[in-house]
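Across the two complexes that follow, chain A remains constant while its partner is chain B and subsequently chain C.
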Partner chain A sequence: MSVLPYLAAGWIFLVGCYGLATSRNLIHAVGCLSVCQSSTYVLLLAVGYRRGGTAPVFADITPGSRPVVDPVVQALALTDVVVGATVTALLLALVIQTAKRHGTVDPDELSELRG
Partner chain B sequence: MSRKARLWLLAVGGIGVAVLLACAAFDLPGFGGTWHPYGERAVRSALSRHTANVISSVNFDQRAFDTLGEESILFGAVLGTVVLLRETRDEHSEPPETAQVDPPVRRYALIALPVTLLIGLYVIAHGQLSPGGGFQGGVIVATALHLLYVAIDYKALERIRPAAAYAFADAAGEAAYVLLGTAGLLAGSAFLANFLPYGTFNTLSSGGTVPLLNAAIGVEVAGAVVVLLARFLDQALEIEDGGAGGTGRQDEEANRS
Partner chain C sequence: MTAAQLLPLIVATPLLGAALLVAAGRRLPRFAAEVMGFVFSAGAAAWAVTLLVLSPSADSRAVEWMGGWRPRDGASVGIVLVGDRVGVGLAALTSVLVVAALAYSWRYFDEPPHRHAGSFPALILLFQAGMCGFVLTGDLFNAFVFFELMGVVAYALTGYRVEEARAVQGALTFGIINSLGGYTTLFGIGLLYAHTGELGLAQIGARLDAHPHAGRPDALVLAAFVLVLTGLLVKAAAVPFHFWLPDAHAVAPTPVCILLSGVIVELGVYGTARVYWTVFAGPGGIPEPSVHRALLTLGVLTALLGAVMCWQQRHLKRLLAFSSVSHTGLFLIGVSVLTPEGLGGTILYVLAHAGVKAALFACAGILLDRFSSVDEHELHGRAHQLPLVGGLFAAGGLALAGLPPFGTGLGKAVSEEAAGWWPTCVFVAASALTGGAVLRASARIFLGWGPRPSGNPETTTGKDEEPETRGPLRRIPDTMLAVPVALMAGALAVGLVPGLWPAVGQAADAFTDHAGYTAAVLGTGEPAPPPVTPAPHWTGVGVALGLLSSVLALALAWTAVRRPATDEPARWAAPLHRLQSGHLGDYVAFTLAGIALLTALVW
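Let's look at the complex of A and B:
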């Protein structure tokens, strides 16, 4: 099954979406968004994998002696992790303020506008 | 929309996306294959610029401009969190009580602290040589400081962690990245272009501007993580509501009536 890793990434994404749509707690929703995002790591690393390949770091291997996995997608995944972590922190800060101002973290109860 | 209708809509959309994803997956090159044109070019380019860690080369040389954008997202997110989690008018902060820590926990955390700090600095410094770099090392450095909270208590952590200084480090890291980019312009080539000699392959000074940009990111990430954790810990430990157990909403309603 050479497409299984790609399908797994899609499955993780859809599970995260299901959680986001059915969530009754904003903290849970932020967690689900992180799950959605982690599907992109799986997809990127699956695209870049090469059978028998090692890390694209030539500090201790001679260049050309071994196949290496794709460094471009690894760099993209690294970018993704950092941005994801700080944006999650920002969203959690928003949830804290929502809980303080409205006294609830259930998105269904947050329907009124407030100055 | 009712809950049931929402679930139906989700099911229809989800199945649609699942079909599209599956179609796309069967059209992608097979998992583990040998065809990686971008990867091979990136490896060649990194080796020609004397950077042993190809991922660092991609992030800080070949895609340095994208990394600037990413760093700005990080900076903006931290700024937003600081603004959102500040102490508001109807709150006040109370110093947390000193807690008793079990001696084995204290011993282990105090031994682990300098080791973790050193590992973090090592990972930042060797970003262009070994796996790691500014992003990963910055997080290790920032979390190492918080071992002091585990080992002693929050007051001890606050003493070595003036949050304003780390917020400054966060901004300075971002500024250093932009200035290093501008230095490329001043040297007569493009923004973020390399202007330093490439050095000897596989030594600390190799890679031209890669180690410098890497260090700028390390400073920024370490500052950012410390500031983020400081804000969240303040919320959890120091900032109290104005009234007895009253939230902002209840206070507001009391004022209105």
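Let's look at the complex of A and C:
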């Protein structure tokens, strides 16, 4: 198994964090958070990958006749997508409300809470 | 019906209630919706308490494989719920606090959205389900899902008053930082799955132990440990992951603060301890000295920074929030000893702290209703007609300082004894500062002591907070007073009921038994029971240290009240205030720095 997918997953996570840390727009920040999360999809699918494996659907193949990729990580990734969708939707709703109440979506201009 | 079959009910009851409330809430009057919320949350509390009483011996664990998917020949694809004393006890504590929060909000939330009476109780019930699921699950990925469930509901509840600028900003910071932490945990879970091919806590632990190592563990195991812990420590608000907490707790509605400060933060500490002992405590895991060093360092930093920041606050809810940060640090120090004694002390401390902190937040909520302010300087001398609330607030301050016979004092004394002499100094300093800050606020607000403050500060004040009730209520509802009184009495009972202490001691023995947990879950043989350690109890030294920190707290409060309040916050603390910048990007950067720090400490 190549180490490349793992490095790619780490890279995507860090790129998302960089975007979050330097973001000038909250919608962009929520997007960056989704990028961070995408790294976990890449990681999970890389973990379950088998060379030459096919989809783990046994409707048309005999079990044991050929390698299949790990179905567990696919279930995990699916759950992960659901979690991510919920979080993103909620955060975007809060961004809309922030824009209404503060009149800005620039984190640099939100200064109500400090000290 | 066996005891183990009650486990899923503890999680399912509040979930069912939430679903019913969402479906029918639009047509229900507020009264009916709140009664439903009560019934379902109290139902879960009843299941948890029943299970605690039913369990035959302290080191027995109720194990329930969902849908009957039991492990066969040591391999399993099923999902398991495991209820040991600590887990079920925390579920009971959570459920009791949920009932308290619902009782407190009975007459409190007199504001929109009026059209959907079920929304608030439904969210609280979902929150309860997430918390109970998190403490009962024996599966790492399920722990992540429950962790995110309670996280998402907590963000929504923090920003519940969406018309308020501060509330939405605090909820957004809370949401982004905690979700980032959650994804870090998931990354770690992915690495563990890649390494072991398992997701259950016991199964991962067993696979790791199959390859014992003498010196340093595999880099992959180390990385997974750091990443999994990061998300849990973000939830626990350990320095430098703590920045979101004061922002969120200061803006959340008071009934939600009761839950956030009372249990959520502590669940982060619980998760850290659970993951360490079930997965990484064996011969194939992380060596004890590394874990001890990491948790102790973070704990000391958290306790001291939280205490100093707590002392500098004038916004009451922020003050209480920083005190929670400080106390989390103390809990981490207690866990870092990695012995049943340290853990037993921490459990008692958490139990009593939940009662005290929830009662203090409830009192702050009463002030907010009466005077539309939670600012210590603005409220100066205005609340002298509320003697009961003032007495509760001062008692809470003394309890935070560790005054015997409060349970906080007992927990502090036992943890100190386990931790050694220099962490004891941190315990005394942190509890004196946090207790002193609350005492200072009660002397100013309820007694009107000291010169009347004035001035225009740079930091967050509690001045322009929107009241959470429609106009001041004619009189304080009985429920709003009864809840803090009952919670404070509970905190007192933890230090006064000797029957509780051996139960906590045995629970800690079982919790720290790595081999016993694995064997109970996988059903492989009967390992030797863990050695019995003496139950936590009061000692002369402990009482003396508790009195010392209480006297220090009183002295600090007395000195502060006599000086002009315009000197606050002190100039030397300005760099610390600048760290708490309220800027999302800064907090993300600190989270990444925290991951690096944790890696360096565990390495």
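The criterion applied here is as follows: the second predicted complex is superposed on the first by the 111 of 115 C-alpha atoms of A that agree within 3 Å, B and C clash if a C-alpha of one lies under 4 Å from a C-alpha of the other, contacts with A are read in each partner's own complex, and residues count from 1 in each chain.
The rule we apply is simple: a residue touches a chain if its C-beta (ideal position, glycine included) is under 8 Å from a C-beta of that chain, and two chains touch if they have at least 3 such contacts.
Since the model is a prediction, treat every value here as computed from it, not as a measurement.
Participant: Decide which partner touches more residues of chain A, taking chain B and chain C as the two options.
Facilitator: More residues of chain A are touched by B.
Participant: Pick one for A:Val30: touches chain B only (first), chain C only (second), both, or neither.
Facilitator: So A:Val30 only meets chain C here.
Participant: Looking at the overlay, does A:Val69 come into contact with chain B only (first), chain C only (second), both, or neither?
Facilitator: In the superposition, A:Val69 touches chain B alone.
Participant: I'd like to know which partner A:Thr22 touches here: chain B for first, chain C for second, both or neither.
Facilitator: A:Thr22 contacts both chain B and chain C.
Participant: Give one of first, second, both or neither to describe whether A:Ala55 is in contact with chain B, with chain C, with both, or with none.
Facilitator: In the superposition, A:Ala55 contacts chain B only.
Participant: Touching A:Leu78 in the superposition: chain B (first), chain C (second), both, neither?
Facilitator: A:Leu78: touches chain B, not chain C.
Participant: What is the shared patch of chain A, the residues that chain B and chain C both contact?
Facilitator: 13, 17, 21-22, 47, 72-73, 79, 83, 86-87, 90, 94, 97, 101-102
Participant: For the complex, which residues does chain C have touching chain A?
Facilitator: 77, 141, 145, 148, 151-152, 155-156, 159, 162-166, 168-173, 175-176, 179-180, 182-183, 186-187, 190-191, 193-194, 199, 246-247, 250-251, 312, 458-460, 569, 577, 580-586, 588-589, 592
Participant: Using the touch rule from the top, collect the residues of chain A that touch chain C in their complex.
Facilitator: Chain A reaches chain C through residues 9, 13, 17, 20-23, 26, 29-30, 33, 36-37, 39-40, 43-44, 47, 72-73, 76, 79-80, 83, 86-87, 90-91, 94-95, 97-98, 101-102, 107-108, 110-115.
Participant: Which residues of chain A touch chain B once you look at their complex with the stated criterion?
Facilitator: 2-7, 10, 13-14, 17-18, 21-22, 46-51, 55-59, 63, 67-75, 78-79, 81-83, 86-87, 89-90, 92-94, 96-97, 99-103
Participant: Please give the residue numbers of chain B that touch chain A in the complex, ascending.
Facilitator: Against chain A, the touching part of chain B is residues 6-7, 10, 14, 17-18, 21-22, 24-26, 28-34, 36, 38-39, 42-43, 46-47, 52-55, 57-59, 63, 66-67, 70, 73-74, 77-78, 80-81, 84-85, 129-131, 133, 135, 202, 221, 224, 228, 231-232, 235, 247-250.
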